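In order of appearance the chains are A, B, C and D, and numbering begins at 1 in each one.
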Amino acid sequence: MTQYLTLEFTAMVTGFALMIIGLWGLLTRKNLIKIVIGFAIFDTGLNISIISMSYLKNRTAPIIDKSIDASNTINLFVDPIPQALVLTSIVIGVGVTALMLAYVLRMFREKKSLDINSYTDLKW
Amino acid sequence: MMNMILALSFELIILVLAIIAIHNKSLKIAIIATGVIGLFASVLYLLLAAPDVAMTEASIGSGLTTIIFFYVLNKIRKTND
Amino acid sequence: MVDKILIAAGILMILGIFLSLYRFIKGPDVSNRVISFDVMTVISVSVIALIAHFAGRIIYLDVALVYALLSFVSVVVIARYIERGL
Amino acid sequence: MEGIKIAGAIITLVGAIFIFLGGLGLVRMPDLFNRIQAGTKASTLGTILSLIGLAMVNEGWIWKLLIIIVFVLITNPVSSNMIARAAHHRGEKLTGQTLTDMLEEETDNSKEMEDEL
């Protein structure tokens, strides 16, 4: 029991639970803005689970300043590569969210409705 | 031990707020709950030793996302009137 | 000695965050939830400073600096939205 | 040197007690404006006290913590003032024990309380 009660394991469980909750909102809600909110929650969960892969116990952030022994950084720092990936992923996530909201605004001006059941142009 | 208590509390708060954000009827409450999820996710990144990601999430994920959502809601309300 | 007193302070701050989360869950309308959001951001600044003390890195304080600068912008936008007209 | 550190830790504990009382006031107060008063003011004082205490515990951190204190003092009253003015403009009900309302003549009561957007 106690070997599962670590920082990285609980953070990874939280990340996957957030992804499942976001997917639930993305699939079952009828409102268009609620779908975009579900996508934003899914994005946050994905970033948390990637960051929790890079954490190593009893180590510190990969930034050199006066309190760090600069000749021994390989034994002091966590892995900086997933942090750089997530830093890019957050910015791209905001861009995708803004694009989805722009489409929501155009669709609302076309049909005057936010309900997804009223968009039936491709059915016949 | 202090980091463990803080991390467990913030993970519980994040899950409760995510369920509120999906399950509630009102759109404004869902958007504010998404902003609070970004806030506590940023503190969780800081506990996982990534202060640069925490800074980006604090300014973009918690600030800019809320502003974009409310801008679109304002446009929709003006079109309705 | 110092660390034990600071752990007690951190547990009190966590209890404050849980009380404002209760107001966020129960609050009757949007205004109460915005106040709860504001209080949570203010408490988070001191929690981040406490994390920086336990990690022993001064670079963690920059996150608290970003919070203290940028947390009020979204609250101001929500308040202007409630007042009709962004 | 050790005495200064213990004094700083005790100041941080006092700040944490103020933060806890702010959260308790957010739960217990009967009205929106009383909740703004209790929550925001008490937690701002608690944050400033705990930052001062941490500056006494760790030497060399005082300048960055002073900058954070100045930013909290500038930005936090702005946001709570904006929430209070928007709620009063929207026609929020006061509790029965409030005696004076200085902004009463500016309130437009024709707006509906809760709409869907």
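Heads up, the rule we're going with is that a residue touches a chain if its C-beta (ideal position, glycine included) is under 8 Å from a C-beta of that chain, and two chains touch if they have at least 3 such contacts.
Since this is a predicted model, take the numbers as computed values, not measurements.
Chemist: Going by the touch criterion stated earlier, list every chain that contacts subunit A and also contacts subunit B.
Modeler: Chains in contact with subunit A as well as subunit B: C.
Chemist: Tally the contacting C-beta pairs at the C-D interface and at the B-C interface, and name the larger one.
Modeler: If we tally the C-beta pairs in contact for C-D and B-C, the bigger total goes to C-D.
Chemist: What's the distance between the Cα centroids of subunit B and subunit C, rounded to whole Å?
Modeler: Comparing mean C-alpha positions, subunit C is 12 Å from subunit B.
Chemist: Taking each chain's centre as the mean position of its Cα atoms, how many Å separate subunit B from subunit D?
Modeler: Roughly 20 Å, centre to centre.
Chemist: Just give me the whole-number Å value for how far the CA centre of subunit A lies from that of subunit D.
Modeler: Centres of subunit A and subunit D (C-alpha means) sit 30 Å apart.
Chemist: Going through subunit C residue by residue, note those that touch at least 2 other chains and give them in order.
Modeler: Answer for subunit C, listing residues that touch two or more other chains: 6, 10, 17-18, 34, 55, 57-60, 71.
Chemist: Give the residues of subunit D that touch two or more other chains, as numbers and ranges in rising order.
Modeler: None at all.
Chemist: Residues of subunit B that touch two or more other chains: which are they?
Modeler: Each of 3, 26-27, 47, 49, 51, 73, 76, 80 in subunit B touches at least two other chains.
Chemist: Report the residues of subunit D in contact with subunit C in the complex, numbered from low to high.
Modeler: So the residues of subunit D touching subunit C come out as 5-6, 8-10, 12-13, 15-17, 19-20, 22-24, 26-27, 32, 35-36, 39-40, 43-44, 46-47, 50-51, 54, 57-58, 60-61, 64-65, 67-68, 71-72, 75-76, 78-80, 82-83, 85-87, 89-90, 92, 111, 113-114.
Chemist: For subunit A, which residues are in contact with subunit B within the complex?
Modeler: Listed in rising order, the residues of subunit A that touch subunit B are 5, 7-8, 10-11, 13-14, 17-18, 21-22, 24-25, 29, 31, 33-34, 36-38, 40-41, 44, 47-48, 51-52, 54-55, 59-61, 63, 78, 83, 86-87, 90-91, 93-94, 97-98, 101, 104-105, 108-109, 112, 114.
Chemist: For subunit B, which residues are in contact with subunit C within the complex?
Modeler: Answer in residue numbers: 1-3, 5-6, 9, 13, 16-17, 20, 26, 28-29, 32-33, 35-36, 39-40, 42-43, 46-47, 49, 51, 54-55, 58-59, 62-63, 66-67, 70-71, 73-74.
Chemist: Report the residues of subunit A in contact with subunit C in the complex, numbered from low to high.
Modeler: 60-61, 63, 65, 67
Chemist: Can you tell me which positions in subunit C touch subunit D when the two form their complex?
Modeler: 1-2, 5-6, 8-10, 12-13, 15-20, 22-23, 29, 31-32, 34-36, 38-39, 42-43, 45-46, 49-50, 52-53, 58, 61, 64-65, 68-69, 71-72, 75-76, 79-80, 82-84
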